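I have placed the structure first, in the form of structure tokens, so that the comments after it can refer back to it.
The letters A, B, C and D name the chains in turn, as written, and every chain counts its residues from 1.
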Amino acid sequence: MSKKIKRIGVITSGGDAPGMNAAIRAVVRACSYYHISCYGFYNGYNGLINGNFEELDARSVRNIINLGGTFLKSARSKEFRTKEGREKAYKVLKKEQVDGLILIGGDGTFTGGQIFSREYDIPVIGVPGTIDNDIYGTSHTIGYDTALNTVVEAIDKIRDTASSHDRLFFIEVMGRDAGFIALNTGIGAGAEEILIPEENLGLDRLLDSLEKSRRSGKNSSIVIVSEGDKIGKNVFQLADYVKENLPYYDAKVTVLGHIQRGGIPSCFDRVLASRMSVKAVELLLDGQKNVMVGLKDDDIITCPLDDVIHEKPKINKDLLRISEILST
Amino acid sequence: MSKKIKRIGVITSGGDAPGMNAAIRAVVRACSYYHISCYGFYNGYNGLINGNFEELDARSVRNIINLGGTFLKSARSKEFRTKEGREKAYKVLKKEQVDGLILIGGDGTFTGGQIFSREYDIPVIGVPGTIDNDIYGTSHTIGYDTALNTVVEAIDKIRDTASSHDRLFFIEVMGRDAGFIALNTGIGAGAEEILIPEENLGLDRLLDSLEKSRRSGKNSSIVIVSEGDKIGKNVFQLADYVKENLPYYDAKVTVLGHIQRGGIPSCFDRVLASRMSVKAVELLLDGQKNVMVGLKDDDIITCPLDDVIHEKPKINKDLLRISEILST
Amino acid sequence: MSKKIKRIGVITSGGDAPGMNAAIRAVVRACSYYHISCYGFYNGYNGLINGNFEELDARSVRNIINLGGTFLKSARSKEFRTKEGREKAYKVLKKEQVDGLILIGGDGTFTGGQIFSREYDIPVIGVPGTIDNDIYGTSHTIGYDTALNTVVEAIDKIRDTASSHDRLFFIEVMGRDAGFIALNTGIGAGAEEILIPEENLGLDRLLDSLEKSRRSGKNSSIVIVSEGDKIGKNVFQLADYVKENLPYYDAKVTVLGHIQRGGIPSCFDRVLASRMSVKAVELLLDGQKNVMVGLKDDDIITCPLDDVIHEKPKINKDLLRISEILST
Amino acid sequence: MSKKIKRIGVITSGGDAPGMNAAIRAVVRACSYYHISCYGFYNGYNGLINGNFEELDARSVRNIINLGGTFLKSARSKEFRTKEGREKAYKVLKKEQVDGLILIGGDGTFTGGQIFSREYDIPVIGVPGTIDNDIYGTSHTIGYDTALNTVVEAIDKIRDTASSHDRLFFIEVMGRDAGFIALNTGIGAGAEEILIPEENLGLDRLLDSLEKSRRSGKNSSIVIVSEGDKIGKNVFQLADYVKENLPYYDAKVTVLGHIQRGGIPSCFDRVLASRMSVKAVELLLDGQKNVMVGLKDDDIITCPLDDVIHEKPKINKDLLRISEILST
């Protein structure tokens, strides 16, 4: 039987994502609602190791639901990957009488949390927060929807210039291992081609498609390239390759970069962060552990951290088909 | 056996919604992809009746995916409710050899389409487009996600003033019959109270909640009120009632109004509109009729128009509970 | 000879405006740069009266340059209008050894400050912060540029619906005494008519213009109405009047309200607030008093508070002419 | 005596800028108001050479005031730099009876226009449109204000991540020859350092400043680098240099690129474009030629194209001082 939870800790870890503040707020407000104490640890696992924390109450989190980033800050902790690091963290939690942890972050965060939890029997609950949406066990991660909007707004701006100057733009978006962002923003921004890590269309296919596009009367084109695309060339090499082979194209490159991680969270991300985080607190109170909360259809579900860590979410390949139809 | 489709018509009808242009674009591009002809009729059913249309090809719909409103324009047609009106529309379709219709709109649009289809054996496919999300058979309607973002951005602005002046704001959002917008934006904007048509919390409960909020140290508060809230008072009467009973509150009212219908569609709405509309064309080609396309989890599904018209979608009442926890 | 300034106080007072936080930040950073102490008083003059303040250093104001509202909060103080109130304020300043005041606000704020300064020989410097731009001695007030953008973005959204439904919209914008917002946003949003307090075009002229507009093939129209328009009818009465006289118009009303006061400040407002506030600190250090900083062309200038209080800025009437030409 | 103007031509040329559509609209509407004909030529000077144009009336330019880019498209024409090219252009204008030209663009555009005008006695009027603000004779160019907002919004997003991860970001903004964008967005976004083409602060100064910033308790920092900064290193080399010398900084690079050219124009740019373009038409009607319209304080002024071409506008160096004070 699990012991009664009187105090929980919360961290944000890994890459920051819009909605993380909304998630912390919901953790804190739920603790307040259920009359338990909440400690916010700074800089991800480093805060656990160094005892860098603050007690948070309902008023500590006012007016942050709409702020990007995370006020608890985030970090990737090398020390937590060592046995010594985790032991330090455990001693801090024991000394401070923290009975459970809520981990807001991604894959790496959950892997560390799972190991820690098994070593020291601290219940942990994962809340998926990353713009990449590359986490098994949930249809959406916190920050993903906002990033999609940030990217399409940026491409809308670039399309103004593409159309005005009859240019071809290669735009690199985030997603080292997963094409979620590329695929959805490619359709959302009306891109002519989308290159993702999950599928190698080949360079010939790209040239064919751009030629066809030109013949059909399109003078400007957008190609979205996921950071980790399969074609084996980076976005600059791709542009050069196309310029060599289709010299009538005036090809330009934009790497969207870190603007994709920040920004005011969308309503969807705020509601998602709020629902998931309240549920995470309730799960701890309920004696559960080592699961991640997720979204499926309109319900908040749970998934064992073991599955989350070992499985990969799949992109919806039907979107590739849709993209082809729409770029007719 | 259904006859082969060679030409389809498309209309937008009822209140306009962001993403309708993306939907029209996807209908047109899908027709082009499948080598069939596409006529866009203007002003909803009125365009059918008056033969006011234009043939649309892939190039006609370039650079519109990011525009709010609908370039085919929309209207509520009184004439189409009459037998004479529908007969005129049928004659136009017959003369122009239009074999099927795609109707982008809401409840009223589908009701008219269903009657018309039965009278004249014209296959129709519905695509749900309305900001209110009040349509059975889909988790999301086109335009709803954008409207949520528009509303939370507006409330974020109002909260700046609420916080700076320690004020209470009553904000009326759209939703005459359904609390979807109020509920989600209330949580997303961190409102203290949310009043929706589906649930009567009562005026005493509202006063209690505001008093508690004040005692807990909150000096500014936001109350979201759905147009059609159950409490039986409009937003101005509510504010007056609170000022009378809790005179320490400096209560103000904002009616967000028509800004909620417009704006640049979110990525979600553009992708949703694109997927649904491609599917709608494919359904017609496939010999189907009198169904609406919908979203469920991450799949495009179909639902008989009969069910769409006669059932009401349900709000997720768990959100009310979440809202109460978060306004602690 | 003025005594040496070692500590200054800063308040925000009157209606809040985007950029006020940027202004406070610049005051605080300039104090830090010049090695003097800075006290931020809360709730405008009420904070002076009640001794409600906090010492602010360079780190207290990090990450606020982009936030709307004012973290020092604002208020209109009735007590400061009384001799007793001002005496209390003076005692607080004396006790806390505050040698000068920076007042971020509008007309009312400066009037109070001027009286106070004369009664107690405290040097005050005004920084014009209000969205209405109705202050003599500066071409732009802090918050005005942001409000213009907020309003045109809102009207862009409404125009989506106006165009889609062939409607006429009456949109009320802020500006009780001055038509700056109405005039500029009317041109910026492509309005057909603009009604401002400075000019009575008359109802006949409005009807003529709308009729002409209709005949010229425009089906949708936007009329911008300043809160304080001269025509003697509020925006709802105007819409009713037009519906009666030009029944083919489907006229709707939107009152933009408090969304105009909030929001993320534009780059212009952040730079303006920064430049003005640094200058305000330097003026105090320089022994100056009872002036307001202002913008003229690209220079920060000063203007005696006496003139600021007694003069009215003038709108640029050429804009009315431009508006007429553009709505051809 | 100049001959009576009955038809004018308008082009957009050089890099596109937000507000160019608003400028074209105002040219067209002013022509309509003054009962003269207006031809829009496509692709800058290439449209003149190839006779690629369209007659534009008041209705042709509806609903474009808020669109980025330019619907007349833009290009840099090599052929127009040759005598043969300009002769072709002249023949087109003569054949089509175009009596004067309005050139919306930048330096290069005006240089070509000036030569052409002298060779063939065609009156030309320049309207300054470029995001870089690097044109003599006006305080603001069309598109500049919008670009400032686009850049600070992007940096706001990046700052979310910088703060969350205690990182140093080098952000490259546009401005090959002029630091206007860097300087204003650096102040507007609260950057710690700003590197511009007009001023070489030196690498030592940069390291000193970053070290001081670190010691003062700042953990995250933003450095804005103009494309054409004087320090002689590109933004990636700068980041490497700092990482080598200040290894405690986790330095990242973002090149904002083409998102800066596009986007919905700000209210300021729409009004500026409208006023300047109406004036340009009126100048032609008034018999004037070879001048550019400009903004000074709140007035539309004119400046001989000769001066525009040969002089350089100066940045306000006081902004560098302000930036230093604010990054305390």
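Here, a contact is a pair of C-beta atoms (placed from the backbone, for glycine too) under 8 Å apart; a residue touches a chain by one contact, two chains touch by 3 or more.
Here the structure is a predicted model, which means the values were calculated and not measured.
For A-D, the equivalent interface within C-D, B-C or A-B is the one where over half of the contact pairs agree by residue number, namely B-C.
Averaged C-alpha coordinates put the centre of chain A at 28 Å from the centre of chain B. Averaged C-alpha coordinates put the centre of chain B at 35 Å from the centre of chain C. Look at where the CA atoms of chain A average out and do the same for chain C: the two points lie 39 Å apart. Along chain B, residues 156, 159, 163 each make contact with two or more other chains.
Because contacts link each chain to exactly two others and close back on themselves, their graph is best described as a ring. Here chain B touches chain C in the complex through residues 12, 15-16, 18, 20, 43, 67-70, 73-75, 150, 154, 156-161, 163-166, 169, 252-263, going by the rule given at the top. Within the complex, the chain B residues that touch chain A are 25-26, 29-30, 32-33, 58-59, 62-63, 65-66, 139, 145, 148-149, 151-153, 156, 159, 163, 184-185, 187-190, 216-218, 264, 266-268, 270-271, 274-275, 278, 296-298, 316, 318-319, 322, 325-328.
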